[in-house]
Structure formats: structure tokens, C-alpha cells
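Paired with subunit B in one complex and with subunit C in the other, subunit A is shared by the two complexes that follow.
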Partner chain A sequence: MFQIRPRSLTLVLVLTLLGLSLASLCFGEAPLSLGEVVGGLLGTGTEEQRLIVQQIRLPRVLLAWLVGCSLGASGAALQGLLRNPLAEPGLLGISASAGLGAVVALYFGLTALSLWALPVAAMSFALLATAVLYALTRAGSTNLTLILAGIALSSLATALTSLALNLAPNPGGVQDIVLWLLGSIADRSFDDVWLCLPFVIVGLALLLLTGPSLDVLALGEGEARTLGVDLGRLRGLIILGSALSVGATVAVSGAIGFVGLVVPHLLRRFVDYRPGRLLLPSALGGAVLILAADIAVRLLDTPKELMLGVVTALIGAPFFMALVLRSRRDML
Partner chain B sequence: MADPASLPRVASTNLCADLMLVQIADPAQIVSLSYQSRDPRVSSIVEVARAYPENRGGVEDLLYLKPDIALVYTGWNGRGHAELLAGRGIEILPLPYPATWSDALKTTREIAARIGRVEAGEIRIAEAKQRMRELRARIRPYRALYLRPSGGTAGSGTYVDDLLRLLGLRNVAAEQGLSGWGRFPLERLVTSPPDLFLLGYFDRVRPGVASAYGRHPLLRSMLERTPAVRVSGTLWGCGGLELVGAAERIVAQIEALPTGSGPIAVGQP
Partner chain C sequence: MSLLDIAGLDVVLGGKSLVRGLSFEIGEGELLGLVGPNGAGKSTLVKAVAQLLEYRGEIRFQGRPLNALSARERARCLAYLSQEDPVQWPISVRDLVGLGRHPYRGSWWRGAGRSGTGDLEAIESAMRLTDVWRLRERRVTELSGGERARARLARVLVVEAPLILADEPVAALDPRHQLQVMQLLRSACQSGRGVLVVLHDLTLASRFCDRLVMMDRGELIATGTPTEVLTAENLARTYGVRAVMGEHDGQGYVVPWDTSEPLRS
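And then the complex of A and B:
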């Protein structure tokens, strides 16, 4: 069995990410060659090539990075904090709650006041959801209760999203509901990137700060406290960091599931099962997965372009089943 | 003309059928119109519709209203109960979704015959045909692109495509090989930009709510540079006889565009 050191793991992920980003810039409706894509990207190509690469394809790649990093890092951090391999923004209903916040802001006219109302509403709802879940785990509940509570929260947010879209002054169609529940980064522009970028950067920074404490927490709460870990601060950082990064990205992309579940699991063995060291690779791995899924969405020749969440669920749901089966076997 | 009391009593279960029915039926034979016909956002017959009870198009509505004929669309969600309704003496008349202007005329003629209003139907059809004929070849053959805020367009085999050709316009979506109600990818806007945008339903969405496509700065900047004509949403969604009203407004808007707009004028004597 081959070994990858954590440092070279990061390098491999960064290189994969850059390679996939270039590939993503090359796939699209207009048949541009690699040279034309590079020319368009660097601004040396024709106006047509520049518009297509810089205004249509590049924002899509950058959003894939932001969405993927947010979901991957949040998944890894939540799994470390709750010491539960099933914790993930999608399964726990954090993404769905953020989507509800975004829908409320968009369809009930809050965005007419300020466009920032959109990410702010999404982040607030995500924060509320994360806080509720955390309060539940503090009340001494088991892994099972946490997941069940997450599913309940997720169903509630999904149902309220559909309800809000139907009751809105300008009712949204089925297509709008599908977008918020399954997510997509097609046709996004730099406006969308700027709208979530500041929050994602702050959120990711908060999450990455928790690395050393998460490594110690893996030993147990009592041990961590003895070793000087401020558990209150750690929880605060992770709850706030996840809410900021996931909330802001969901506001522009809709809820995309399973990324935060799959990625930390695949990478855990390469960082010696240390939750703190897992954070950065998970963020990069999340971006790789979203980019790959977004390329797949465009390569699959379906009459209507698939939603991104469809592809991540096709990968993630069987994975989730396998995890559930394995944890059941362990319990027996 | 037949005595209104001897005409079959008709209920319509959706907006498109409502629009057909109020044009050709005797007011006394209409039992009920759909609830959408009262919604000013989508309906052009709000005032007329207030005179009739509304229905939501369900099987129970029809059992309660007891019309002789019920107009439904082919996708009607009570299909499974058609036999039950037939047993209660209610004839279900499914209307196809029209793909061309002549389809619309044909459907109108069929409904007129079924509800005993052949003469009224022919009068309406002749009038609509005449109005449509007057619109022909009044405008330059712009390369036009029909667009909805979601990026949806209309390729070949749709009544929008048919109407554009009737008015002497070229449909960019059909020329690009799209058929049916597909999407026009943003990248194609760059590679084959139209001379004229035909915007459907852009009035109904506030800026923040429009989909990512409708908000995209690339589309926005093209809309600033390219002449655009807005289609009235209330006359547009069904492709029935009322389409001629939408066509008249489109032509009037195009005629009102500043002369010389669009690349076609460039280099002309």
C-alpha cells in the first residue's frame, strides 16, 4: 500500500484542482481550443473568447472552489467537533436552512433593500440551525439523535422552502424549488462570486484556526480541557465558521449535498486520522469534487442540464449507505 | 343562431381554454372559468371572468358544476377520472397545446363545432386571420431571439417560432438548431448574438428574483446594446387566437424602435 504524506497530499490536491479548473474552462457550449481558452483567460484572445472564458466559465470555476472548500472544510470540522463521522452540513440540515434563508430574502423582497441581505439571511439561518444542533448534542444525546435531528431539521427547511416559494408575492416555479434544493453553479457571474467571497474567506479562516484544538479534542473532551483547549471557543469558531462559509455559498448556489460527508472520509487515512490536519485537505478535496461534478454535469448529454446536487448525491448517497451499514456492524 | 338555452353548457379548467372559450362561446353557456382567469398577472380577461364562478380544474369541481362539456388540456391531472365524469354525462374535451398559428385556428374551429358555435367561431377566426395578415412583412427581417429570464427560448416546432416567421423575423434559436422549448446557452449569446431580443416574462420578475441567467452581467450588457421588445405576458403563454394581439404589440414596438437600430441597417443605402 502506497503512502502519501500530509504535505504531499496537499500538493497533489492543489495540482488536481488546478488541472480540473483548466479542464472546466475548456468545456462549454462554444468549441474553444485549449490555446483559445488560455488566450481568453489572459486577455490576449478575441473579444468573443475573452467574454466566454472570463465572464461565463471563470466565475463558474471560482464558485466551484468556494462552494467545495466551504462544504469540505465544514464537514471535516463538524465531524471533528461532534466526533461523529456522519456530521455534515447537508445531512444536518445546515445547507437546507441556509437555502430557506436565501429564499425568504429573495422572494419576499429583502434583497430590494440591499443585495447583501441575501447572504446575510442565508448565514443567519445556517447559524440558527447549527446552534440548535449543537444545543442538542450538549444535552447529552447520542450520534443517532443528532442525525435524526438533522434529518428533521433538513426536512423542515426543505418543506418551508417549497412553501415560501409558493406563497411569495411572485411565486417561484418548480424550477426554482429544484434549484434551491439541488443546487447549481451554471450561468453564475462575478457578481455572485463577490457576494459570497468575503464571508467564505472569513468562515474558512475561522475553521482552519481550529486545527490544533481539534487534534487534541480527538483524545476526548476531558483530556482536551486538561491540555488547555478552550472548548467554548472551539465550538463557537466551528459553528460560526460553518455558518458563514456554507450560508454564503448556499445563497448563490443552492444546497449541494454529501460533499462534506464524502471528502473527509476519503482523505482521513492520509492524515493519520487527525481531525485537525484533515481540515485543509478536505477544503481542497471538496473543491476538487465540486469541480469534477460540475464538469460531469456538462459532459452528460441530457436534454436539460442536470443540477449539480444530482451528481453529488449520486456519488454521496451510496457512500452514506455504506457508512451506515459499517457503523451498524461495529455496534453489533 | 341557436337558442342559447339549447347550447351545451361548458366549463373550462385552465387559462388557455378560458381564453378560447370566452371568444367563441355564448356568455349564457359558460358555466365556469378557471381561477387563473381572474389573476391579472397572467390573464387578459379578468373583467369578463368575474362574471362566472371560478374552478380549480379538479374532478370534484366538474362533478359539482355539472357542465355538458369540460375543456381540459392534454396534461390535465384528472385524466384517471375521465370515465367517471363521462358516466355523469360530462364530456371531457382535451385541447392540444398548439405548435403553430394554424393549430390555434384549427383548435378554435373544433371547439366552436363541439359547443354549437360554428358561426361565431368562423367570424372570430376570419377576424384574427385578417389581423395577422396585416402584420406580415411590415418589419425588417431581424435575427430575433426569444428569451425568458431563466434562459429559456423557443426553437423550431413552437408557436413562438411560427409567429416569428409569420411576422417575417428570423428565429436565432431555430437557426442554431434548437427545437422545442429549450435553453439558449449564455455562450451562444456571445458566439451568435441576435439583432433583436424578444423578452417574455421579464416584467414579472423583480431584479433580485430573476434567475442567474436573467441577472448575468453579460446578458444585461447585451440588452443595453441590442434593441429589445417586451412581450405582454397575458397574451403570450397559450398560443391561441389571442396571440394575434401579442403579435400586434410586438410589431408596434419594433416599428417604434429608432430607425437604423440593429446591424441590418449598417451599409444599407
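And then the complex of A and C:
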């Protein structure tokens, strides 16, 4: 395995992210050269180039950043808090609950009342789901019960979402909702970016604040508390931070799974396995992964463009399986 | 002057009364051993002192109620070594020990994750004392039980707190390292620190501790010097054992030899 020092890891990830962002602005149905992209960004190119770069591809790149950062940082923070490498917003049902919240807002026509109804509903449901999970882990549960609880929560949210679709009066609307639920950042505009940006920034800030406490929590709750870690505050920050960031991004992108699981796992060795130091690299790594997957979706020659959430699940589910098998072997 | 004063301590957990009306004190420079059979409430008592459990009664540190101190002040006053070994991630031994400097960290925007030179010196000296300096680059999860126990003890020493609470620190250790850990705790007391240590090995308790507190079923059975506490009657009454007792170099030893019918009143 190649070796990267913890400090240069962040730099490597930032450079990769910028490189992929430029690539993402180039690729698409109308391929543009790097010069044309820069021209489009600065407004010096043709009207068409400016439109493609600024109105179509730039929001997509920015959303990839926001979604990836939210999922990566939430995954790392939840794994640190629950002291469990299998924790992840998608697996634990936080994303599905946010999706349910969004569908409820759509179903009851709340979105017509206010632009903010959708993200607020998604975030509220995400908050509720995280709080339920947290209450379950409080009662001294094991890895197994936590994951089972996540699956139960996830299934419940999915079932309620299906119920809403089942009873939906308008079939056309149903297809929109289903497609949206699959998870994608294609055909989004700057409105979507502005809608989730403030919540993602606040959520990420809350998550990144928890770094030093998460490191100490590696010692176990008792010893961490005697070293001055305020567990209540730590849990509050992480529950609120993940609910805000994941809830807000699910509201615009739908549920995109497994990123929060895979990214911290891949990066952990480069930060000496310290849960607190993993937060920032996981946020950046999440953005890199989403951006790369989103480019792949466009480059793959499929009859219809694949949904991003479908692709991350196709890669992530086998990965998760391998992780479970390995952790089972370690326990034996 | 006493370092820690415990008066009328009651701990009730889930409707069960685990510690009842316990009172004792730890003086400066004193190594106090807490002994008693399984389920006597020793760990519960230690956790209550560490402010990890709700309790009724008074726990005073240098005359001030411990629960009136801020979390940060308290973190510098007492260091706690738990009985379990719950380190989750394969962090390096040096990072593990370094976590003990958390109470001295600046705010998150200053020196997040970085250690000052004072920290580095404290970390190295604690690791050399516990004989884990040569393991500093190893992952905690790769260590043997004894190595990990010593690394965790280094993590506790590095806090440089006036009061150390150690819940069975020698349970996983071979005889040589058991003696070494007890000697370390003994020498920690020489600088005026107080140590409360939970022990099952009665010979170690008798040989190293200044005083003992013996508990059974949440209550104080006896307190005093090891010879006053570890009497045949007390051992039969609490542990239900008969022991071979003697003296070597002027210090008592106690070797449990046979079970006896416990004399419950």
C-alpha cells in the first residue's frame, strides 16, 4: 500500500477535487476543451459555452461537492461517535428518513407553500431518525443491534415513502418522485445549490468541531468523560450536523448511499486511524467520490444516463459485504 | 490534609442500591487499596468518584465538592483508568497516551491535534515509566493484553492529575508487570498524589497499599492498615475463603487457600 502522510493527504484530496471539477465541466453531451470551459466560466466564450458551463455543469459540480462532503463527513463522524466502522447515514436510515420527509412535503403540497418546505421536512425527518438511532445505541447496544435498527428504520422510511406513492393521486408526479428518490445531481440548477448550501455549511462546521473529542472517545465513554469530553454536547453536534447536511442534500439530490461508509474506510489508514482527524479528509474524499461517479455516469455509454445513487449503491453494496465478512472474521 | 473526602455515599442504579452509606478519605501521598468480592460495588464506587454515575452524598476534592468543578478542572484533578479495555480504533500507542493530554489542549482553532513540547516530554516520560516507549509506533490493537494495560496506564499517568483512580490495573498482567505497575503507583504517591486502586490480589494489596478499604454488597466492611483489614475473620466474612497469612521482610502476605462457608450475619 502506498503511503501518504496525514498532512499531505488533505492537499492531495483538494488537488484531486479541483482536477475532477475541471474534468466534470469538460465532459458531457457537448464536450468542451479546457480553454472553452475557462472561457465559459469567465464569460469570455460564446453564449452557448457560457450557458453550458455556468448554468448546467457548474451547479452539478457544486452539488457533487456539497453532497459528497455531507455524506463523507457524516459517515466519519457517526463512525467515531458510535465507535463502529459500519455506521453510515444511508445504512442507518438517515438518508431514507430524509427522503421520506421530502416525499411527505411533496405529497401534502407543502412545497407549494414555501421553497424551504422540502429541505426543512427532509432535515426534520433526518433529525428524528438520528435521534432514534442514538437512543438505541445509548442502551448499550452492539454493532449488530445498531445495524439492525438502521435497517429497520430504513425499511420503515422506505415503506412509508412507498405508501405515499401508492396513494398519490397523480401518476405523473409519482414518476418524478421515484426518479428523484434514486439519487442524482443531473439537471440541477443554482436554485438547488443555494437551497442546501447554508444548511450544509452549518452542518459541516458542527461536524468538524467535534474532531478532538472524537479522538478522545476512542478510549471509551467513561475515560473520555473524565478527560473533559462533554458527551451530550458531542452527540448533539453530530446528530444535528449530520441531520442538517445529509437532510439538506437529500432534499436536492435524493438518497445516495454508501459514500459515507466507503470513504472513511479508505482514508482511515492515512490519518493513523484517528477518528477526529478523519473528518476533513472524509468530507473531501466524499466530494471526490461523488464527482468521479458523476463523471463516470456521463461517460458510460448507456442508452439512458444512469442515476448516481444507483451507481454508488452498485459499487458500495459489495464493498459493504466485504467489510462485514472481514469484521466477522476479526471477531472469530 | 486529605485529598479526597467521601461522606455518606449512596449509589442507586436501575432501582438497585449498589453502594450504601460509604465514607472514607484518601490523604496526600496515600495509596489506598479497594478490595472486596465480585459485585461488592468497587467499580461502582470508583465510577461515582470519577463523576460518571449519579450519587447522593459528598465527594470532596481538596475540600471542594468534586461535582462543583468544571469538566476541564476536574479532568486535570483526577485521572481514571477503567476496568474494561474499550479502545476501538487501531491508533498508535503514542497517540493513545497523547490523548491523556486532552485536558491541557487549547481551543480547537489553536493547536488542534498538535502537542506542545511540555506534552511531548510528559508523554515520553510516562511511556518510559510504564515500559511502553519501545512500542510507541505499534497499533494498540496489535498489543498483548499486558502491553495494552501498561499503555493505558501511561495514558493515565500522563494526565499528571493529583488523584488517580485505577480499576483493576493489574488484572491482565504477569507477575513481573504486576509488581512494576504497583511500584509505579507507589512512586506516583511520593510526589503527594493520591491513588485509589481496585485490587483482587490481596498480597499486592497488603504489600503496596498504605491503607485498605474492604467492601461487600455495597457496604464498608473494614478500613485501616492492611494488617487491620485482611484478618482471617474479614476474609471469611466477605470472600468466603481461608487464607495462608504470614510475613516476609516485615510485610504481610495473604494467599487464599481454601473456600469456607461465608459467615453472613
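Simple rule for what comes next: the second predicted complex is superposed on the first by the 319 of 332 C-alpha atoms of A that agree within 3 Å, B and C clash if a C-alpha of one lies under 4 Å from a C-alpha of the other, contacts with A are read in each partner's own complex, and residues count from 1 in each chain.
In the analysis below, a contact is a pair of C-beta atoms (placed from the backbone, for glycine too) under 8 Å apart; a residue touches a chain by one contact, two chains touch by 3 or more.
Bear in mind the structure is a predicted one, so any value in this text is a computation, not a measurement.
Three-chain overlay on subunit A, with subunit B and subunit C fitting side by side and no clash. In the superposition on chain A, contact of A:Val216 is made with subunit C only, not with subunit B.
Centres of mass aside, this uses C-alpha centres: at subunit A, the angle toward subunit B and subunit C in the superposed model is 150 degrees, to the nearest 10.
In the superposition on chain A, contact is made by A:Lys304 with subunit B only, not with subunit C.
Residue contacts after overlaying the shared chain place A:Gly28 against subunit B, while subunit C stays out of touching range. Shortest separation of subunit B and subunit C in the overlay equals 40 Å (C-alpha atoms, whole Å). No residue of subunit A touches both subunit B in one complex and subunit C in the other. Contacts from subunit B toward subunit A in the complex involve residues 150-151, 182-183, 185-188, 190-191, 204-206, 208-209, 211-213, 215-218. Put simply, subunit A touches subunit C in their complex at residues 83-84, 209, 211-212, 215-216, 218-220, 222-223, 225-230, 268, 272-277.
Per the touch definition, subunit C reaches subunit A in the complex via residues 47, 50-52, 71-72, 74-75, 78-82, 84, 86-92, 95-96, 99-100, 102-103, 105, 108, 112-113, 139, 155, 159. Looking at the complex, you find that subunit A touches subunit B at residues 28-30, 48, 51-52, 55-56, 106-107, 109, 111-112, 115, 118, 170, 172, 175-176, 179, 184, 186-192, 303-305.
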